[in-house]
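Next up: some structures, all given as structure tokens.
Two complexes follow with chain A in common, the first pairing it with chain B and the second with chain C.
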Partner chain A sequence: MSKLQRGINSFIEQIDGPIATFFTSCVHCGLCADACLFYTETQDPKYTPIHKLLPLRRIWQQEYTFWGKLMFRLGLSKPVTDAELAAWEPLVYDSCTLCGRCSLACPVGNDIVYMVRKMREGMVASGHAPEGLKGATQRAIGLGSPMGVNLNTVMTHIRNTEKETGLSVPLDKEGADYMMVLSSAEIAEYSEVFSAVTRIFHQAGVSWTMASDGFEGTNSGIQIGSSDLAAELLWRIVRAAERLKVKYVISPECGHAYTALRWEGPNLIGRPYNFQVIHITELLDQLRSEGRLRTEGLDETRMTFHDPCQMVRRGGVVEQPRNLLHMVAPNFVEMPDSGIQNWCCGGGGGVSANERAEPLRLKVFSRKKAQLDAIGVDTIVTACSNCRSMLLDGLEHNNMSVNVVGLTELIAEHLAPAAK
Partner chain B sequence: MNPQELLYWVRGTGLQISAAIFVFGMIYRMLHLALLGRKKSLAAPRGSEWGPGLRTMWRRSLVMPELSANGRFTIITGYVFHFGFLITLFFLSQHIDLLRAVLGFGWPALPRSVIDIAAILSIAAMIALLVHRIIDPVKRLLSDFQDYLSWMVTFLPLLTGFMLLRGIGFGYITLLTLHLLSVELLLIVAPFTKLAHMFSLFSARWYNGAFAGFKGVKA
Partner chain C sequence: MKDHDTLEHRLTEQGISRRAFLKFCAAMASLMALPPGSATAVAAALAQAKRPSVIWLSFQECTGCTESLTRSHSPTLESLIFDMISLDYHHTLQAASGFAAEKSRDDAMKAYYGKYLLLVDGSIPTKDGGVYSTIAGRSNLDLLQEAAKGAAAIVAVGTCAAFGGIPMAKPNPTGAMAVSDLIKDKPIINISGCPPIPVVITGVLAHYLTFGELPALDELGRPKAFYGETIHDRCYRRPFYDQGKFAKTFDDEGARNGWCLYELGCKGPTTHNACATTKWNGGTGFPIEAGHGCIGCSEPNFWDAGSFYTPLPAPTAEVTTVAGIAAVAGAGAAVALSALDRAKKKHMQQTHEKLTVKDLHD
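The block that comes next holds the complex of A and B.
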């Protein structure tokens, strides 16, 4: 079977009730364009969200509607070709961060990002995924991490953390309540998170562990759109968690890791988990409300919070980061459109791993810049290490001097001293 | 067939056939969509699906914040067209009489002057939307044959209906025949084009709200 045929079969397989309903309902009003930063910042109509799905739409017409089928069989409707999919690859990957903002805007209620995610399954199957993302996925499958970090890297951080804090970092501790998973970027670039969680959990008396065979939550399989690869990556965490008999797996400050672990995971592996998944921000807020997380001192700088799309709009963790910020940041201000309607950093959905997309990503950062210019802050706090890297990159590109901080680290910096 | 006989056929058999195509066509399409179904998520829900699903069915009718000039134009003109169309469809006394004959019950009609205004606004909005579809780069890119076909079969009943009420252009019998024929064309075409959104949009919104509700996202 040709790759194209495999791709088309996969498209046909992906079309379910919701997708057919969405295509049936689309009135081509164009309103979704205004919701998408790739359109608003370029004014190029090809970035209209629903347009990114055109080949999938034709497959739906040709396979799932009476007239479409008839026209197709009579040769009056042109088949989806390899060249067409190649032309659509940059639209489906480079110009979509799976942020889901379009899904809130469509007047007929189409969940457009649900369709983009599914369309990517067919794109990978047909061989039309960006090289950068393919590379990241191969590294994740082969080496264990898209950024090439491994257990040695983790062990080094653990030893350093133990030296720095004087506390032990539990590894492979059976029967712990919580298993902490980190993102690739945290292990590779933001290793402060090790000591941050170690100190917070120590103060709060959380029974936790890390796993030597399931320490990384970043899931390139979800971003490239391959359920098989996504499942393979996810199994590492599931096996580790079930081996260690933990009650909870903590999803790191990484948006797509949260989507992968929390929402797609059980569907990928084909059964419910034997544990629950909780976002680190959710857990910290829970500890706060139980009085187990105590901070001291305030950070007087003018701060704002960048809502990671997968955690907030697509994940429902909205109030928790704000509750935590209010503990330490008296000069906290919201950006325009904050919360559910926030604008993406520009690098979600695998865009950050796709070098080809970089110029476009930096161009559409103008939306984030405008949001920031409107409030004039010194510090942006966020709760996704990918957003964090993308923000740093965009700020530098625009010569803006704003600090970017991870929420967990910010809280750890203000831990009450008794427990430090 | 003389004009009298034609009208007789059009308002009798013709209307019955097209109404049947509309009803069964729509039932077929909606059933098809429902039967395609979806896999139930195995993830642990944070919230419920039904409440948010039902809420979204209604709340997506409300205007969205932060739109460009093009977006605002589409929303406002779209509203004017839909309201004008529905008012003339359901509150013109002749239409209510016909519906009463079919349904067995009726409701009070709106005064003719109100219907006139609604029809004129709706016709104007449709023309404006067509022009916008052609000149706005986003809509032009998205549009295909179906979009123009749907426009045409929706516009003709409005136009002929208005001419009939005002006695413009042709005699009564000719206008009534044309109006009925255009309505029948609309009934036949609707189930098989994007006009099916008149029903499917409710399940699209339900899915959208339910997906968000399941995750506990308060949209």
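The block that comes next holds the complex of A and C.
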């Protein structure tokens, strides 16, 4: 079977009731264009979200609709070709961060991002996925992490953390309540998260552990759009959690790790979990409300919060980070469109792993810049390490001097001293 | 006609504020079902609009259409808009008479050849050389053909001009015909109704001034924005129809309770017009609110379609059986087709080759 045929078979397999309903319901109003930062910042109509799905739409018509089948048989509807999929690859991968803002804008309720995610299944099966994302996925499957970090890297951080804090970092502790998973960006670049969670969990008396065979939450399979590969990566966490008999798995500050673990997970592995998934921000807010998380001192700098798309739009985690920020940041301000309608940093959905997309993602950062320019802050806090890297890149590209910090670390910096 | 006078300037002179003008534009945009943003476009275009020349010809008619337009809402912004076109000829409204009146029409037709709007009310008698209605010694047919030549577009105001109307009712002694039966080479817009709703006339004119073209029309040449739905669709008594509550006579309990007038011959279900939404007499009400069924005056041949008090025909049992069989057959076909579709999807799932990291190489 040719790669193209394999891709088309995958499209046919992916098209389901919701997709048929969405394509049927689409009224071609174009409102999704103004919801997508790739359109608003370039004004190029090819970035209209629903347009990115054109080949999928045609296959749906040709395979599943009466008139489409008829026109296809009569030669009036052209078959989807390799060249066409190659032309669509940058639209489906480089100019979509799976941020889901278009799905909120659609007046007839079409979940457009759901369809882009499904379309990627056929794109990757037909061989039309970006090289950068292929490389990241290969590293994730082969080495254990898209950024090439491995257990040795993690062990080094654990030893350093234990030395620095004087606290032990539990590893492979059976029967712990919570299993902490991290993102590769945290392990590789923002390793201060190790000591942050160690100190917070110590103060709050949380029974937790890390797993030597399930520490990496980033799921490149979701980003490249292959459920087969996504499931393979996810199984590592599921097996580790069930081996250690934990009650909860903590999703790290990483948008697509959260989506993979929390929302796609059971469908990917084909059965329910024997544990629950909670985002680190949700857990910290829960500890706060129970009085187990106490902070001291305030950070007087003017601060704002960048809502990671997967957290707000998929998970509805909007209030929790604000509750936490209000503990330590008296000069907290909201940027325009914050919360559910926040604009993507431009690097989600595998775009930041795709070198070819770099000029485009830096260009569309103008939207985030405008949001920041409107409020003039010194510090931007976020709860996704991928957003954090993209924000740093974008700010540097625009010569803006704004600090970027992770929410968990910010809270850890202000932990009440009695517990330090 | 003062060419330099823009509409906005004239309105200011007459004490109409810009705010009132914008409200009118927004109302027009929504009446015509234009996108929300177009209210400003309407305002901009109308404000700068030069008064186009309009020639209004009245043929076999009762002047009810003119009455509807000039008296029912007067004076409102709508009638002022009407002032803002250059009405160069209108029997009833013009001050001039006799030779001076006819000269004014001739002058306008020459000066604005190819640009003026021709409004017609009344049907045109064609039998016996059109002798049944003449003006200044010339037949209506002659006048229409002459005026139509130089018109940019023709607006047939009222059911007589649009569809022949009462003069065309059996036995049609004068051989009355509609404008569209006689003129084939000009865009014609039918604003039917006996009489038509004033805002429909002003709405069409506003559309023409704004966009320079006529609005979207239905298969009978009527603007869809106003004739797109039936009276029945928008009737405030529709819930009673849906509940099967009907007035049986004009003085029974059902009539007093304001139930549906379907069984008393209301033609709402087959009549396309905007009465139920825009209403009459400055928004006071429409016939059904006064307790009488719709007579269907905006539809062709309404005068020969039987008694106004005979209920519309209901589907017979046979139709129901046929429809039932068709529905079952259609559902059966749909089930068969969707089973095929499901089998196809399942086949793809079964033959799915698992994607491995090796597939990402090359």
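Couple of notes before you dig in:
Just so it is clear, the second predicted complex is superposed on the first by the 420 of 420 C-alpha atoms of A that agree within 3 Å, B and C clash if a C-alpha of one lies under 4 Å from a C-alpha of the other, contacts with A are read in each partner's own complex, and residues count from 1 in each chain.
Quick note on the criterion: a contact is a pair of C-beta atoms (placed from the backbone, for glycine too) under 8 Å apart; a residue touches a chain by one contact, two chains touch by 3 or more.
In this text the structure is predicted, and so the values were computed from the model without any measurement.
Bringing the complexes onto one copy of chain A puts chain B in a clash with chain C.
Judged by the touch definition given at the top, the superposed model places A:G142 against chain C, while chain B stays out of reach.
When both complexes are overlaid on chain A, the residue A:W235 reaches neither chain B nor chain C. Counting the residues of chain A that each partner touches, chain B and chain C differ, and the larger count belongs to B. Touch criterion met: A:C26 reaches chain B, while chain C stays clear of it.
Shared-chain residue A:A125: touches chain C; no touch with chain B.
By the document's definition of touching, both partners, chain B and chain C, reach A:F66. Overlaying the two complexes on chain A leaves one chain B stretch of 1-9, 37-45, 55-63 or 73-81 clashing with chain C, which is 73-81. In the superposition on chain A, the residues of chain A contacting both chain B and chain C are 15-16, 64, 66.
Those residues of chain B whose C-beta lies close enough to touch chain A in the complex are 29, 32-39, 41-44, 46-47, 56-57, 60-61, 64-68, 70-71, 74-75, 78, 133, 136-144, 147, 192, 194, 196-197, 200-201, 203-209, 211-212, 215-219. In the complex of the two chains, the chain A residues touching chain B come out as 15-18, 20-22, 24-31, 33-34, 39-40, 45-46, 48, 50-51, 64-67, 103-111, 114, 262-267, 270-273, 276-277, 313-316, 318, 337, 340-341. Note for the complex: chain C touches chain A at residues 337, 341, 344-345, 348-349, 351-357, 359-362. Partner chain C is touched in their complex by these residues of chain A: 1, 6, 9-10, 12-13, 15-16, 63-64, 66, 124-125, 127, 129, 134, 137-138, 141-142, 224, 226, 228-229.
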